[in-house]
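Consider the two complexes below, in which chain A is the common component and chain B and chain C are the respective partners.
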Partner chain A sequence: MMSVNREPILQVKNLKTYFYTEDGVVRAVDGVSFELYPGETLGIVGESGSGKSVTSLSIMRLLDEKGKIESGEIIFKGRDLLKLPEHEMRKIRGNEIAMIFQEPMVALNPVYTIGDQIMEAIMLHQGADEKKAREMAVDLLRRVGIPEPEKRVDQYPHQLSGGMRQRAMIAMALSCRPSILIADEPTTALDVTIQAQILDLMKELQEEYGMALIMITHDMGVIAEIADRVAVMYAGHIVEYGEVHEIFKRPRHPYTYGLLSSIPRLDVEQEKLKSIPGTVPDPLNFPTGCRFHPRCEFAEDRCREEEPEMVEVLPDHYSRCFFWKKLEGLEVK
Partner chain B sequence: MRQETKRTLRRFMRNPSAIIGVSILIMFTLVAAFAPVIAPPINPMDPSRKVSNPYIMPKITWKAEPIPPSSRSDAVKEFIAKAMKKQLYKSKKEDLIPVVEHILRRARAGDLCEAYSKSYKIKSQVRKKLLTLVPELKKDGFSDPKSLINSYLPEDFKIICSETARIDGGFAKFLKSFDPKKMSKGDMVKIILYASKYLSIEDLKEAAAKLFKVDKEDIYRWLKEKKYIERDPIRTVDYHPFGMIDGRDIMYGVVWGTRTAFRIGLIVTFFGTLIGLVVGSIAGYYGGWIDEVLMRITDVFLSIPFLVAAIVLTTILGTGLNKVMIAMIIFGWMGTARLIRGNILQVKEEQYILAAKALGVRDFLIIMRHVIPNTIFPVVIQASMRMGSLVITAAALSFLGLGAPTGYADWGSILNYSRDWILGAQGEAFKYWFALTYPGIAMVLFVLSWNLLGDALRDTFDPRLRG
Partner chain C sequence: MEKKTVLKVENLVKHFPIRAGVFRRIVGWVKAVDGVSFEVYEGETLGLVGESGCGKTTVGMTLLRLYEPTSGRIIVEDEDTTYYFMPALRARNYIKKTYLDRFEKLYREKKDGALEELDGVDKKYYEIFLKEGRSGLYRYLVSNIPDKRRSFRRNVQIIFQDPYSSLDPRMRVKNIVAEGIKAHGLAQGEEVIKRVSELLTGVGIIPEHMYRFPHEFSGGQRQRIGIARALALQPKVVIADEAVAALDVSIRSQIINLMEELQERHKLTYIFISHDLSVVKHVSDRIAVMYLGKMVELAPKKELFENPLHPYTVALMSAIPIPDPNKRNKKRIILQGDVPSPINPPKGCRFHTRCPVAKEICSEKEPPLVEVKPGHFVACHFPGSLKWNS
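Right after this comes the complex of A and B.
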């Protein structure tokens, strides 16, 4: 509850992003709302295809031609990003809101040195000359923990390891000191030991730069590690939203409950890893009523017919479930 | 940065195909640059005269060009008229000499022939007259054979030589009045060469034999070795190391053809690639209806058979090498357009493009800095390979009579030109092997070197292939 009193830096209101494919309309993001406060970390967690990446691309307005933002508002520092002309939006990208991607192998251009790519952003937004930009790039590389930055700055992405590349990506994203950093599964493609290092680095840098962080992941462990608040996404909806300890301790949506239960634990003897039965529904053809009902162990008839609304189950803790009360008293095992 | 350049250069220099390709290309470039030194553009029939267009291989011809009657001079007309009406032999010697002198200086051989034919009776008289003139001519600089060849009356002298020679073997007599002992062998050869334009081989043999007091068979053999008699391809070592076809030196064609090959290759590749690059990258990057329209236009161009299109285009534009190059540009950009479009479609989806967009980079800069460098390498390779193959395409068009004119110094044209001899002689399939081999080797090496260079460029400069 650290940030409730402050003004949110980013407010997403009822965002709907649809993809018009040949097979039909994919409602990838279907009415998502959340706030981001300065300096905090919001985790967006969900399975593949739940719409979390599309949400982040919608904020950046970087959807491909098939994707369209149908409705909603994205208020950043008092301005609706969806209404800005493209050239204004470009000034925000990289400068105010930066993004890092899942695959550091492919998110860096193979034909340029990492120095070139960091300098590109610095020269673009800060108007620094080449010499200055290069110094800044070296500093940034040093700051993100790359050894011998003077040498590394002239190396090509293929000469760096995965973890190094992700550090370089972070340096690139931080080059203009953005107020929001969106990290789209930044650790998924990395070794577990490197993952921890990168998360630590991001936490450190977040504190140092005072920026807000949106951490998109499917890994509850990452959320627990880094997030202040968390939004759980399922099939284009946020199904549960609240403070991270609260949600980890008292999940009030069966999906969150399932996710938390499926984390393998060392302290409890388990014969088989628990999992949520079934798969993510086909986005072309979502089930009627609650989108989670086919996989939900608590589902009743009402869930099949009526779509639940977000309800505040506890202060600052929202759930999209009719029967959240059923989960009261259930401990996450 | 400098270190990286050095490393790239080192990588390039270590690549064996790069070394081979580049050295062959350097060789070709040198040959092209020093073509006037290696194969001087000199008319073999008359070394004193410059060749107007060095790209047309000079030809050693054997037949006198017929001269139209309209070009006769008044004096000759008068002479003919006299010959017909008054009968020339009745004229006083004093009257006749200036006329004959005039003829010697001004008249054309054809006129003289006509004059002879009009009145058989004056023939011997005039011939006598001409022979009596010889000592006078000799006084007048003919005694020096070099000036005879190079400066004095070159055209008319030759013609008189040949015409008198044609009539009753008079040539031999005419030449006999020169002292062979005072002439160098080279000058005698030149005189015979001039005369040989107009003589039958039999006459030539006889004349030469009489002149040089040698066995006529020896003279014939000697002339044949020098390869100035036959139309068939000839291979000699001393004057024309690659041999000759139809009176044209193959080495000359190969040397000057290097320039033609570079010109065709560079111009067509540059413009073709440029058009393809613009069309393909616009279509690929913007997609949608722009892509649809541009690619359908490309399809239309691709659906037209190239040779048919080139034939139609040259009927509109006219034949010639430049027209063929235009045709090759107009119908040669589609491959590049498709290639670059395909690559862009692929690269467009790469995350680093998204990452660049997420940094707020403009579309134009994304195309220039991120898309093109990642898509250009296949185009560069394709372009360098096309450099070579275009020479072959141009040859095909020349073969159809659309491209370079006959005798143009172009490897393809030489091959086309020598197609009568490709099959060799009866029982000797490889008799004229040199007619195909030398231009063929030049073409193969040219194509090969560009292919090797293209591969080496990719291996060296494409960072995606670095280990």
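Right after this comes the complex of A and C.
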């Protein structure tokens, strides 16, 4: 997909989100920039603590009181979301930018029926009356593949299975035909056969509604399945950013390379798994210089002292590494 | 070469009662595991794979005797261990029914000739029965139950999924690892410290850290500690229940590699329980696929992936996202609907409600697990009828 010549629908520029905890400042997101183009899927992949979820919550301005957006811009349709007053933001949240979460049982309100929760969004943002909203809710439930939607619309979240709940969440998110859908680990809590159903459904709906999708996950398989472009996050930074085939075929950041080589594969025979030594760094105490250097097999003295900038290593393929050239010729099987 | 069986499970059943009302009456049963049989060979890794609710964890817990099996036999190294943890009366009834009465009937009918049709523990126990009579066999089976329990506990160990809740937060790592060593009297005093150091070094934890508490370690390190604890008693069989599921991708491969190294070094036998077929494929020699309390397919790894016969196995393989965007447009088999409830499993084949190739017979008759090729077992009326090209 050639997305280069089009106007991005969302631009995140140098976003910094810090959390002020009792133990110190957590620099959860520390200078993240990316663009999202209409209709495309951007995958954000990273391990726990990499800042991928905080990035999405910052876009939605849904941080708790400890979290603070320090600096940066989030430009959506020409407006900086970070400068909007809350009542303006409410018109965008759930309406133009919608979000689905990992655990639908937590995200859904247990004391309201599925129907009530979908209708709330429709009535709030589209000004539909109750009868009309209910009809739309039933239609949406049918569209996301929930059997007997007329009956399900009056049921409570606990009466639905995990897969069904996630479908209901998607229905709710789509109720206002958002132009951006942010999905934060939407299939992580689900079984693989259900995951396959949900991923399929999301692809289908994205095409139908023409919305852009930000898919946040730790699963490289899901990224390969659904993303057009990928941002790999590590310790609050995007360390590599580019088109999905590029990233998987020619990773130019040692972390991406290590990650891709350490996954057990169903489709390839592997002798011993490559592994990234060490542990994910403590967000209260990120290493100096390149934050990946203590675990990096290519690290040199410079990496310990100086923080690398994002460089364009190939057209539209960026890496935050001084020595990305060392990865040339290395290909992931 | 003949493979040595270390663990044999026959017709294992575990049903949990559902209680309701003021008098906590039993109103139904969750049929978590409903007739599962398999063998585990010395030094191999048997992968147990399936989705949530298939009973894979219950199998593990029942093998460990953290749950008492509803019925079935669990044989470890040519001894029936099923009755070890039963209350005395129940154990007596079990022995009477399973061996004494049965052998007496066999003897009346066939005398010594019955030996030929028996194998494994049955044969061993029948020989004792012939030599020492009914009461001799009974004495053999019930003598030293506490010792038998202890040796069972030593031989079968577990690594849990969640490295956060499986280590006591108020115990120092040294005591966590040493607890079993002391309980089994394997070492005393200075020896214990030495043993713990060795174990920790073996799993990549600096021995000087043994005086720390679990919260001072990361998730991956805690899992290493959990592994050290499991290995402390030099077990024959280690059950790993989703041992890498809670770990980050970059840490997961470290632990998988560690477990493989340790297996080689200590000649361990693993039962590796996981929902993740990619991980199971990497670590296992043989793989058993479970669905709703039943084993639907069991085969050596290579055979299973080259020639999957059960429609559920095929669907499971096709559902896993492959980390290669070039393979994204492969046709996948998408199963409809959810896994049915184990309280009221479907009649006939339990998979028929979601099976793309089910026929009438599938909803009526339950297919038995049969060996279609040496070592390849499948429970399906129409094995191989669902095809999928990766």
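Just so we're on the same page, the second predicted complex is superposed on the first by the 323 of 333 C-alpha atoms of A that agree within 3 Å, B and C clash if a C-alpha of one lies under 4 Å from a C-alpha of the other, contacts with A are read in each partner's own complex, and residues count from 1 in each chain.
In this section, contacts are C-beta pairs under 8 Å (C-beta built on N, C-alpha and C of every residue); 3 or more make two chains touch, one makes a residue touch a chain.
Treat the numbers as computed from the prediction; the structure is a model and nothing was measured.
Overlaying the two complexes via chain A leaves chain B and chain C side by side, clear of any clash. Of the two partners chain B and chain C, more chain A residues are in touch with C. For the superposed model, the angle subtended at the Cα centre of chain A by chain B and chain C works out to 80 degrees in steps of 10. Using the contact criterion defined above for the overlaid structures, shared-chain residue A:Val29 touches neither chain B nor chain C, since it reaches no partner.
Of the two partner chains, neither chain B nor chain C is touched by A:Ile59. With both structures placed on the common chain, the touch criterion links A:Tyr156 to chain B but leaves chain C unconnected. Legend: residue contacts after superposition of the two complexes on their common chain; A:Glu47 is shown touching chain C, with no touch to chain B.
Remark: least CA distance from chain B to chain C after fitting both complexes onto chain A is 9 Å.
The residues of chain A lying in touch with chain C in their complex are 47-48, 161, 163-164, 191-197, 199-200, 218-227, 244-245, 248, 258-260, 262-267, 270, 272-277, 279-280, 295.
On chain A, the positions that touch chain B within their shared complex are 60, 62, 65, 90-95, 98-99, 101-103, 106-113, 120-121, 124-125, 154, 156, 158, 169, 172-173. The part of chain B that touches chain A in the complex is made up of residues 1, 3-4, 287-288, 350-352, 354-362, 369-370, 373-374, 463-464, 466. Chain C contributes residues 51-52, 218-221, 248-254, 256-257, 260, 275-279, 281-283, 305, 315-328, 332, 334-335, 338-339, 390 to its touches with chain A in the complex.
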